[in-house]
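Pasting the structures in now, so scroll down.
Across the two complexes that follow, chain A remains constant while its partner is chain B and subsequently chain C.
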Partner chain A sequence: MADVIEVGAARGDAPPPAANAARRAASAGRTRRATPYLFLAPYLVLFGVFGLLPIILGLWLSVHQWDFQLPNRPFVGLDNYKQLFSSDSAVYGDWWESVRATVIFTVLSVPLLVVVPLGLALLLNRSFPGRTFFRAIYFAPYVLGVAVIGLLWRFLLDANLGLVNRLLGAVGLPSDTPWVTNMPWAWISLVGVTVWWTSGFNAVIYLAGLQDISPELYEAARMDGANAWQRFRNVTMPGLRPVLLFVITTTVLASANMFGQSFLITQGTPGTETRTVVWFIVEEGLRNNNAGRAAAMSIVFALMLAVVSIANFRIFRYKED
Partner chain B sequence: MTTPTPTANGSASGLRRVGLYTTLVALALIFLVPLVWMVITSLKTYTAAQQIPPSWLPNPVAGYGYEQILNNSANPVLRWFLNSMMAATLHSLLVLVTASMAAYSLARLRFRGRGVTFALIVGTLFIPPTSLIVPNFLIVDQLNWIDTLAVVVVPGAASAFGVFFLRQFFLSLPNELEEAATLDGANQWQIFFKVVLPLSKPALSTLAVLSFLTNWNDFLWPIFVLFSPEKLTLPPGLGLLQGSYVTDYPVIMAGAVLASLPVLILFVLAQRHIIQGVSRSGLKG
Partner chain C sequence: MIQNDMSRRRLLGLGLGIGAAASLTLAGCGGGDDSASGPAAGNGGKEYTGPKVDLKLWNGFTGGDGDIFKTLVTQFNTEHQNIAVSVATYQWEDYYNKLPGAASSGNGPDIAVMHMDQLATFAARGVISELDDVAKNLELSEADFAPIVWKGGLYNNKRYGIPLDMHPLGFYYNKAVMQRAGLDPNKPPTTKDDFTAALVEFKKAGVQGFWISPFQFTGGMTFYSLLNQWGGTLFDADVAKATFNSDPAVEACTWLVDMIKQGHSPANVGQDAEYLAFKSGKNAFTFNGIWQINDLKKSPEVQWGVAPLPQIGSKKATWANSHNFTIVKQRANDANKVAGSKVFINWLSQHSLDWAKGGQIPARKAVVESAEFKALPEISALAPELEYAAFPPAAPGLGEVITTFYNSFNEAALGKKTPKQALDDGVAKANKQLEDNRKKYGS
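And then the complex of A and B:
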């Protein structure tokens, strides 16, 4: 800054130093005002194209008949939505079957994915040598992708060659259960695999919550003569309430979005009974070229999830009052 | 560690300790045996894998599964591995750069529209990403990105979670650091690069590891946007492998081991970061 003024002054034809400095300051001010936007720009470009645009495009698609192979994409108003709700449309049966599959999976898996990890977390919350080691082991399956999990369990659950039936046979239990091809085994397998795969994730979230509960509360409860169960009911559970709300909400969303497990393990069987909503949407949109109808399904699906999440918050807030 | 004292109380706690470790080990077996079985099977011959009852040890230890996947030109597994490596690395770099800059702006700078921008970004956290998959497909199709590296690197990098996560971290840094730097004549870029980023290494590495894991494991998106055998990443490639080696489990398990190794190694190295990242993301609720 100092040499700029000197140079300007030396030339003589430049404005007087004070004015020059003021102009510099003004332009620096402009740059400084632009700086926050420059920092945001790279992200906002990505976010605009792959975060906001898809939302707008999705709404637009859902009111058009959009076929990749056809030149015309006529406006059809709410037709795509109506088809999902009128029993004489071609898509009605398959769509509601996929909703049913998703609801069954969610209803069966969420309670287990809320309770089993809580048990793990309570176990790991005691202090004992090797705690970090066991925590890592229980979490390990979660870092593997659904493609690996799917192939691995397809193999483990194979009725003839699979380890699961072999181990059951070895202890004298039936060793010919059709884990991936028959009901109710297909659902039991999908839920069981998901619990095995993701319990460690929720357990870690619970552990963080447990460690935030003040030890003095437990001390006080103990002084009042509360037994282990009473301490759990009156200290642990209230302390975990916000974490529990988070776990339930994210687990419901994750379960409702299930796709890979049934795509790879049961491959939709028996029939198409384990084909979930997400699977059906991508099949309609990307395989059967019905992007408009798939977009309408996505929006109905997203609204269903929003209703469930809001209900969750309501129930929990109500409990708090 | 406290050794149990020979009082009634002490032996009770000793018994309790035995019970605790029995439970812990039993559970550990449930979590580990499937993974161990994957490795064991990958080292068996085709006939050994078909044997009933199966043997716990691969005898002889066979490279058959790995040879098949590494020497098969129809299923270039090594190529998929490199594609996945490249995609996940570039993806997490892109997330780090864009999210850290945006988060810094939203956490530490003052400007018009900041509240709205932040609300918009956080708002999209509540929209299930799978419900945007069809429009996203049309967008990458328009960009001519189908079947390219960009399609598995870029779209997912618009990470609202990344911005939210780093913003929370930046907010926790003391203001005095910036004030001191400003007095020394540093501008906002210098503060960002020389003060804020170096102090944020734990948060940055956590986000890098989480982004890498997510991208490495992504399955739903790549199976629809990649199709040439030499362009695939590992997850859709594994599906193809299962199709071509229907019940040849040593081959399929060798592919699964290859897809697991990098993330398991990363997990062992960055375990603390991953677990902290997960638990911190749970506490925002």
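And then the complex of A and C:
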């Protein structure tokens, strides 16, 4: 603070002959200060229009009973938020059921989506004939849209007509498992399909990370007599840490945002037990025209995810310490 | 799918079959009457004499019905030099999400096709205009339609929709399976006793005859039909309270769930499985929409028939809905466009026989009673259902409440809850939703 005042004072007291130079310097300073903002401008405009503005608008909506077609959109204060937390509101049960569904799916799917692709990447990082082919094969499902994989698996997993149960029956296993209509099978199906569908993506990220680890480190470890497990623990894992942080963070967020799979494969069944938060927000906001309430849900959900992500970063920072 | 009444599946399945007949009457065509064109350049739909207007029309006819619809529009355009209608087709689900936003931003259509149970919501939200003058000027009245379809276009005693058709649930029976079980394939059961007796015969022949789907399509709609057959209702007369946990409703639900317990249906039937099983002869009876007729016609190997739903409860009833034409409110209030829209609606309404070939029962009585319509055997077989079809009531915001109803049935059919428990829970939630709606729409 003191420094700033001194600088200001010095400028103010500058003798007249030096004024021109000072002004030039100040002008150069302004340009220098403006440069980063000029570079940032395109992004800032996009962020402002598509990021910041919607957030502010969302906050605004969330304190109103908002239906953009109705002439009056009364201010309701924190009512929309209160409804999410008071058990006698119409939305309370559905909201927490959807939170529960989202948590279940995230907790079940994230470990698999972190570990399975890592194993896959380690395998595909070795050199063997046909490696490129297998890399393509494992990545292939990710290319398909959720509508395609959703419909595909809904038919394959059909309890009475589906191929999965028929194959299980053919080898003498139970052939009437309700894969998509009852618990716990619905979750097993949703997690299984998601792992099948998206593992390829994380595997590619891991592969890139693995190829960034210097071969000399492995060589040195080998010379020190490290076995495969020790090499993995002490060379591969530390080398992958930033990649792992990225994969875990994005996977947690992706799983928490799951919508299409349960929308198409289980259709929320049984009852609405597999209806996720994002689906419920879409339904409230766009189908039931309760945009205010949906905005409140989005904000509460965003806060939940922020807490999880911060915790995530913390855990990894401690590991580095 | 999101278990919404407007699921696109309903219309995905909606009939296929193209063909605008050649024998079309020219009606409501803009003539050379220069003197009578007031500021509105029209008179509520009889004719349009103003300057050329371009009209946008939105619909959700994504199946083969879309082709027949487009053919009819093309014909209209050639017959009307000063009206050009262009058609945009969306999945119903997207359609209902998109329409309000598009209308309020000025990018909406002039004419919109809408299901009857959506009219109240869109009317209350100010998306669509009143059409009382159209009905009056076209001299359309209840007598021209099945009363229930005609009344369904009303909200707060004002008309918002001109009904085009109705699509009920029908009773499909697999003739080959009936023969295998020693039943007369040309005599589908019409009563509860005959129906259950037939199921016993199927069981003897190793067939689970009547699969109960837990989903809105089509188990939920079957339950809705039977609930009405038992004399129950979804809501009380003012649509203030949900009533689908009444004794008749619980009985109807129990009867369906017992189909699973008695082995006439497998448990955990998946979406569409009951229909696929029907087509492949794995079951014998299924209640499904009239829109499946054209789909079945594409499978000549399936021997099937369709009849009105058998009477299982104390009276006849069946689920049904109806497509209506509506005029979307515009920010720029162009009277010429409105007048042109009315001419189009009138014209298409009069050509609803051709529309029937897309797999719908026309709303107009004269068409239903015509020999040409009777010549469409499967579709006209379901026409008697017009008299007792149970349409969803008209109240704004009812879509989500009806979804709650279907979800309750889902829980009962999947054995998560007893029928009584599932329906009680559903009603408790539905009542809260109805209260929210009252606050919101002030009705």
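A few points about this structure:
Methods note: the second predicted complex is superposed on the first by the 267 of 321 C-alpha atoms of A that agree within 3 Å, B and C clash if a C-alpha of one lies under 4 Å from a C-alpha of the other, contacts with A are read in each partner's own complex, and residues count from 1 in each chain.
Just so it is clear, a residue touches a chain if its C-beta (ideal position, glycine included) is under 8 Å from a C-beta of that chain, and two chains touch if they have at least 3 such contacts.
Predicted, not measured: the structure shown is a model, and the values here were computed from it.
Three-chain overlay on chain A, with chain B and chain C in a clash. Residue contacts after overlaying the shared chain place A:Val243 against chain B, while chain C stays out of touching range. When the two structures are aligned on the shared chain, A:Asn289 is found in touch with chain C, with no touch to chain B. When the two complexes are overlaid, the chain among chain B and chain C that reaches more residues of chain A is B.
By the touch criterion defined above, A:Thr269 lies against chain C but remains apart from chain B after alignment on the C-alpha atoms of chain A.
Of the two partner chains placed by the overlay, only chain C lies in contact with A:Asp67; chain B stays clear of it.
In the superposition on chain A, A:Val107 makes contact with neither chain B nor chain C. With both structures placed on the common chain, the touch criterion links A:Ala159 to chain C but leaves chain B unconnected. In the superposed pair of complexes, A:Leu173 makes contact with neither chain B nor chain C. In the superposed model, A:Val115 makes contact with neither chain B nor chain C. Contacts of A:Ala228 after superposition: neither chain B nor chain C is touched. Chain B runs into chain C after superposition on chain A, and of the options 25-33, 97-105 or 331-339 the stretch responsible is 97-105.
Note: residues 154, 158, 160-161, 264, 286 of chain A belong to the chain B contact set and to the chain C contact set alike, using the contact criterion stated above.
Those residues of chain C whose C-beta lies close enough to touch chain A in the complex are 1-4, 96-97, 100-101, 104, 121, 125-127, 211, 214-215, 266-271, 273, 276-277, 282, 397, 399-400, 407, 410-411, 414-416, 429, 432-433, 435-436, 439-441. Partner chain B is touched in their complex by these residues of chain A: 32-33, 35-37, 39-40, 42-44, 46-47, 49-55, 57-58, 61, 120, 123, 126, 128-130, 134-141, 143-148, 151-156, 158, 160-161, 163, 166, 169-170, 196, 200-201, 204-205, 207-209, 212, 242-243, 245-247, 249, 253, 256-257, 259-260, 264, 278, 281-282, 285-286, 291, 294-295, 298-299, 301-302, 305-306, 309. The touching residues of chain A, counted against chain C in their complex, run 65, 67-71, 88-90, 93-94, 154, 157-162, 176, 178, 180-182, 263-264, 267-272, 279, 283, 286-290. Per the touch definition, chain B reaches chain A in the complex via residues 1, 17, 20-21, 23-24, 27-28, 30-35, 37-38, 41, 49-50, 52-54, 94, 97-99, 101-102, 104-106, 109-111, 114, 117, 120-121, 124, 126-128, 130-139, 154-158, 160, 163, 187-189, 192, 213, 216-220, 224, 234-236, 238-239, 242, 247, 249, 252-253, 255-256, 259-260, 263-264, 266-268, 271, 274-275, 278-285.
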